[in-house]
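See the structures that follow.
Next come two complexes built around chain A: one with chain B, the other with chain C.
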Partner chain A sequence: MIYAEVLLEAAQVEGTAFEVSGQLRALQKAVRSSIALRETLADRSLPASTRRALLEKVFAGFDPALLVVLGVMIERDDFALLNKLSETYELCAEQALGAVIIDVTTAISLDDGLRTVLRDRFSAQFGCDVLLREQIDPTIIGGIVLSSHGKRIDASVASQLERARVALTTSR
Partner chain B sequence: MAEISAQSIDEVLRRQLDALDLSVEAREVGTVIQIGDGIARIDGLKGAMSGELLEFIGESGKTVYGLAQNLEEDEVGAVLLGEVTAIRENDQVRTTGRIVEVPSGRGFLGRVVNPLGLPIDGKGPIKSEGTRPVEFRAPGVIERQGVNEPVQTGIMAIDAMIPIGRGQRELIIGDRQTGKTAIAIDAIINSKGKDLICIYVAIGQKASTVATVVETLERFGAMDYTIVVSASASDSAPLQYIAPMAGVAIGEYFMYNGADGKPANAENPGRHVLCVYDDLSKQAVAYRQMSLTLRRPPGREAYPGDVFYLHSRLLERAVKLSDANGAGSLTALPVIETQAGDVSAYIPTNVISITDGQIFLQSDLFFQGQRPAVNVGISVSRVGGDAQIKAMKQVAGSLRLDLAAYRELQAFAQFGSDLDKATTDQLNRGVRMTELLKQGRYMPMPVEDQVMAIFAGNRGFLDDIPVEAITRFKAELLQYLRASRPEISTAILAERRLSDETSEQLAEAITAFKAQFSVEG
Partner chain C sequence: MRKHLTSAAGMLATVAASLCAVPVVAFAAEETAEESAQGIGLLLPKLGEWIPMLISFIILWVLLAKFGWPAFMGMIDKRAATIKDSLEKAEVAKLDSERLLAEQRAELDDARRLAAQIVADAKTAAEQVRSEIATQARDEAQAMIIKASKAIETEKKAAIAQLQGSVADLSVAVAGRVIGADLSESEHRAIIERYLIEAGNLNAN
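On to the complex of A and B.
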């Protein structure tokens, strides 16, 4: 996919290939969450320049290369390919960086010791570098949730409690 | 009552939590891209299977189940089976590796459940004995045997001329308000004490209508052996879509397992089940809605191309199993509602071609007072004849043809008044036989009573009775035979045929009754 390749090339020049993948995910999530934003960005009755300006305003702090590529997609009426862009970009970025990107969700931020332990363990398993994309979600209460390439390992306290709830409410 | 102590609570909790599996496993997850109209589009889930049960986790932690339907290159289209509003964009979706299953077992008898097997009658939780997949491959040729036992509906017009066998699929078709549901309910009521478990699946009906059906079944003591599966008009289209499959799955549990709950075989016979799908037109409409919102291409009447397959795979699950498989049976009574008697519409023609016969109900007959309003001329049963008891075959063998000849003559006789005696006699007999077949709602008749009543008509005992007195004659005759000559009905039931001796006794008893019968009432 040409958009993903161009974006990766630009991000590599700036040395932000990994950060852009995280921003792309966040942007994708924001667009999905807001029907108004999604429909406005894809609305062909509005001038492309207006939609582009809106995108730049809403995602002001994001990588400029990312906003430029998305702006071109809007101009060419390709904004519906956002999901595809995100998926392809991540695969290309992993190849280019020689690493696997893993999303790590915890209730409080990881300390350096735990971060190193996780990185070393996964590096040994995958036989390549590992990049941790960290996220804090207090609703998991404790433990850790790992996900990569559509696979998810949920070792959070919240899910263990949920299993206990199901066991207690369904057993006789 | 046992004393509850802190220690006993602790023990119970520990015992229950011991069963808790705390192992962590990798599961495939996707994200909801878009949701609306009970349909979710999901990013990810590359390994999802068609028809797989999906777990949607809402923001509040609430789990809603869905069904994977469209497996596309970039996304999965799924239908939601529960609380649609609990799920939003960006929520997580997990595969489960299972297809949709419903619980079943004896605990369900007498209960009203939704298509997921959850009770909706306010009578508390149901203890299930097992689960059955909602989608299940119908048994093959080797696993079956020919239909050879009757399902007695208790309706004379049907049992005599359009007999239904255990394992058959007999369509009940007609316009609205022609008595389709009444026939199905009569069949359920008449199954009391006949070793038949009944499943009534209400699809897209008003909840008040379902409540009335349940109340009627309770009134006649039929809920003891009946399960009602209800997906009412206010339920989502996916629930209405899976309702008949859920009903048949609940029924299959009884057919594939013996009374002890273990798989049926030659030594452990399976049970007999009657499944009423009321009605499949509404299921087809729900499926059309689901398919259109899933962006599947519309076909004739905007139904998706596989609506025939939807009904054929459901109705193929009706079966009479071989003796080696326990000889259980599942009889299907699908109901189809027509618009202004148009049987050539898409769904009616499909279901007519799938089933083993159809019972046509007509509005004009209904309003003429012919109830049940069965048009016996175009109603057929393709396999039920093998399942009729011999006594019924003996008395009703030529009834269909006689009535057809009568209708032809009746149309012809309207043009002139000079008719020869043979024609007048035939018309007289026809009008009396038609009157004899009239039957009240929820008044099913035992097969021996039907045999005796038709015998009276066939042998000409009614020919000199005024038409308006026929119904009373029939009722009083049967009352007389039960009270004064019980040996006749006993002999019919025992021998299952009308021997010369029984015929003679019956003719003699009818003559005796006729002598005392007063036409004036």
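On to the complex of A and C.
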């Protein structure tokens, strides 16, 4: 996918390939969760310049190369390929960086000790370096949620409470 | 009838013969009457009157026998035939009437039997319908009771499930709040480390 290749090249020049992958994932999540934003950015009745300005305004502070590539996609009416861009970019970035990106969600920020534990554990599993894409989500209450390449390990307190709730609800 | 008429004709001939014999006696009596014009001789006809009378009688008798008697007998025969025919017709009519009467009686009996059968069938059908209605009503009532029981049971289960769910939701929400509020950072980290040990392999197929 040409957009992913161009974005990766630009990010590598800036040395922000890993950060861009996180921003791309965050942008993808934001667009997915907001119907109004998604429909407005994909609305062909609006001028491309207007939609591009909206994108830059909403996601100000994101990597400029990312915003430029997305702006081109809007102008060429390819914004619907955002999910494909994210997946392809992540694979390409992992290859370029020689590491596996793992999304880590916790209720509190990780300290260096936990990061070391995580890297050691999953480096051994994948046989290569591991990059942790951290996210803090208090709704998981405690524990940790890990995901990579479509696989997910939910070891959060919230999920355990949910399992307990289901067991209480379905038990007689 | 003809037999009676024949015997009557025979009697008439006998009378006529007797009458023919009477003049002989009369002649003998007349001789004696002339001798004695007194007594019975006053009652007996005179011979001069009696012979023409006899001749007239014979002529009349011959004429009647020749022309009157056949016509009379023809009328009698015709009348007898008519009467016989009427009697035969009456007999036939009587037989027909009796036959018709028997037929009507048979038809009446059939109609009565048929009516009785219809009434019996109607009673049987009515009894069957009554029985079916009663059975159907009983079945419907039973089905309604079962349905109502099931509905009650379902409602009961739904209410229990809803209550159970509400209790579970409330319990989990309270537990989550308590755990979230009570966990210190060190406890958070300890939980993460413990869960990491228990967590599976992200690279597993």
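Please note the rule applied: the second predicted complex is superposed on the first by the 172 of 172 C-alpha atoms of A that agree within 3 Å, B and C clash if a C-alpha of one lies under 4 Å from a C-alpha of the other, contacts with A are read in each partner's own complex, and residues count from 1 in each chain.
Throughout what follows, a contact is a pair of C-beta atoms (placed from the backbone, for glycine too) under 8 Å apart; a residue touches a chain by one contact, two chains touch by 3 or more.
A quick note: this is a predicted structure, and the numbers were derived from the prediction, not measured.
With the two structures aligned on chain A, chain B clashes with chain C.
Using the contact criterion defined above for the overlaid structures, shared-chain residue A:39 touches neither chain B nor chain C, since it reaches no partner. Contacts of A:150 after superposition on the shared chain: chain B is touched, whereas chain C is not. Contacts of A:29 after superposition on the shared chain: chain B is touched, whereas chain C is not. Once the two complexes are laid over each other on the shared chain, residue contacts for A:84 go to chain B alone; chain C is not touched. Within the superposed three-chain model, A:158 lies in touch with chain B and with chain C [touch as defined at top]. When both complexes are overlaid on chain A, the residue A:168 reaches chain B and chain C alike.
Comparing chain B with chain C, more residues of chain A are touched by C. Once chain A of one complex is fitted onto chain A of the other, the partner contacts of A:112 are absent, as it touches neither chain B nor chain C. Overlap of the chain B and chain C interfaces on chain A: residues 147, 151, 153, 155, 158, 162, 164, 168, 171. On the chain A side of its complex with chain B, the touching residues are 29, 32-33, 35, 83-84, 139, 147, 150-155, 158, 160, 162-164, 167-168, 171-172. By the touch rule above, chain B contacts chain A in their complex via residues 13, 16-17, 19-22, 24-34, 43-46, 61, 74-75, 88-90, 92, 94, 127. Of all residues in chain C, those touching chain A in their complex are 161, 164-165, 167-169, 171-172, 175-176, 179-180, 183, 185, 187-189, 191-193, 195-196, 198-204.
For chain A in complex with chain C, the touching residues are 102, 106-108, 111, 113-114, 117-118, 121-122, 125-126, 138, 141-144, 146-149, 151, 153, 155, 157-158, 161-162, 164-166, 168-169, 171.
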